[in-house]
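Presented sequentially are two complexes of subunit A, the first with subunit B as partner and the second with subunit C.
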Partner chain A sequence: MVDDLQLARSVSEAVLAIGGVHSLGTGRYAEAATYGAGEKVSGVVVNPREVRVHIVVSYPLVEPIPALAERIRQQVASRTEGRPTTVVVEDLVEVEQGENL
Partner chain B sequence: MRIFNRIVIILLLAGLFVLGVLAVLYSVGVAGYRLAELPLDTFSQNLIRAVRNIETGNLHVLDVGGLVIIALLGLVLLVFELKPPAPRRVRMQQGTYITRRAVENEAIEAVEQSPEVLQSSVNVKAQRKPGAKVNVKASIRPGEDVGSTRSRVQDRVQRRLSQVGVPISNLKVRLVESDPRETRTRVR
Partner chain C sequence: MTEQRPPEQRQEDPLQTERGSIQGGQQQSPLQTEQGTTRIEDSVVAKIAGIAAQEVEGVRMGGGATQAIGGILSSVPGISGGGEARGVAVEVGQVEAAVDLTMTVLYGRSIPQIAEAVRRNVINRVENLVGLNVTEVNITVNDVFFPEQEQQQGQLEQTGQEQRVR
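And then the complex of A and B:
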């Protein structure tokens, strides 16, 4: 069993590799992050009930957001140890054509 | 409503605190405050008379009105307190959310693509079911065709949000005629 920080790091890497995800969000009212000893992973919140991923999506969209969220869920499913994944879209950022690929 | 309830409770507790301090002052008898000087007799007599009137059904119209208002106020506060708060984020589908701010930004961008719109503001309310209520307020020049501009703006917002994948349960567009000298954009 991996610890929360390791899990968050692995989820973060997997999500950032998906086309259409510009970056990870940091939360609005409270920081969205997983904390460990002297370290934190921003944009992924791991708790015993779920794994929550905060993302900033690139615009123009590669695909509708629900489809992108589904792809994220599939991509991280093997890393979340059976916990459901919630995807929170924090913002959409316009990117140059080609930068999105 | 939670903020209103909080304010009511804060005022209530502040009142109780003041009453507590006064009670201590009067009972100890410091700074010229004496328990014997309090008009408690008159107060208790009036209270007893009012309760007796309620018991016998011999009430003045104003008393009945006052009691009804108190009961209604209590009922309204109870309903608002029991009502679950609106969610912070807009649900797109099971396990997928988008922040209200992101929806607002998208809607503003769609609205301001219309050349007739000088400036706009958007308010998004998340709902418990998937989707959001979107209220758009846009400023246009005096003399513009309000009907066709409204439907164009509505169409643009709907198209942009459905492209993003945000379900809209209710979209309201309010157009306000404004002097271009007072808006963010004068010419498009």
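And then the complex of A and C:
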């Protein structure tokens, strides 16, 4: 069994590698992160029943947001130990066309 | 007519707990060996728990007033601030320990999440460093603090240090 911090790190890596995701979000009313000894993984919240990922999306969009969310869910499914993934889209950031992978 | 108790009301087996089962009434412990026992003072467990709690970002041990007083007191020679064990109360047995923590949390953090992270870290640290089974970690959050308050706190302690040198 993987502990929450490792799970969060692994999910964070997977999400950042997805094209169209600009960065991980930080949460609006409470900081969205997973905490451990001396370190913190921003943007991923691990609960016993679900894993929540907060993202900031690049604009112009690579694909419609529901499709992007589904792609994230598929990429992350193997790393969440069976828990469903909730994707929270927090913001849009404009990027130059060339930067969009 | 006899009343039958539904199965849910059966008493829980006291030897089977969430945190492991006890075989034959004798729990194995790395501290009890055939060639002698190791006794660990409460203060040691308390310090380790206090340090483990503060390893989680956004946590300050002790309450609001305790912090200010502790900051001034620790700059007076002769008084051990007990800084690392501030806000920590422990109950230590031969194989188990229970920890009570009092702390303040940085505003903007999810307190349930922080508390759970602290709980996990304290349990992991104490169990691995001390060899005692941690039965429970109770957490009281009695204040929230802001980053600017942190800076003021640091300045207060610094001026205290300067006056000592004169």
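Points worth noting:
Note that in this section the second predicted complex is superposed on the first by the 101 of 101 C-alpha atoms of A that agree within 3 Å, B and C clash if a C-alpha of one lies under 4 Å from a C-alpha of the other, contacts with A are read in each partner's own complex, and residues count from 1 in each chain.
One rule holds for everything that comes next: contacts are C-beta pairs under 8 Å (C-beta built on N, C-alpha and C of every residue); 3 or more make two chains touch, one makes a residue touch a chain.
All figures in this text were calculated on a predicted structure; none of them were measured in a lab.
Room for both subunit B and subunit C is found when the two structures are superposed via subunit A, with no clash between them.
Applying the stated contact rule after C-alpha superposition, one finds that A:R28 touches subunit B and leaves subunit C untouched.
When the shared chain is aligned, subunit B comes close enough to touch A:A69, but subunit C does not. Between the C-alpha centres of subunit B and subunit C, as viewed from that of subunit A, the superposed structures give an angle of 80°, to the nearest 10. Once the two complexes are laid over each other on the shared chain, residue contacts for A:L61 go to subunit B alone; subunit C is not touched.
In the superposed three-chain model, the partner touching more residues of subunit A is B, compared with the other of subunit B and subunit C.
Of the two partner chains, subunit B is the only one touched by A:L92; subunit C is not.
In the superposition on chain A, A:K40 makes contact with subunit C only, while subunit B stays out of contact range. Legend: residue contacts after superposition of the two complexes on their common chain; A:P84 is shown touching subunit B, with no touch to subunit C.
Least inter-chain distance for subunit B and subunit C in the combined superposition, rounded to the nearest angstrom, is 16, based on C-alpha atoms.
Residue overlap on subunit A between the subunit B contacts of one complex and the subunit C contacts of the other is empty. Subunit A contributes residues 28-29, 61, 64-67, 69, 73, 84-92 to its touches with subunit B in the complex. The touching residues of subunit B, when paired with subunit A in their complex, are 88-89, 92-93, 95-99, 101-102, 105-106, 163-166. Partner subunit A is touched in their complex by these residues of subunit C: 52, 55-58, 108-110, 113-114, 117, 120-121, 124-125. On subunit A, the positions that touch subunit C within their shared complex are 3-4, 30-31, 34-40, 45.
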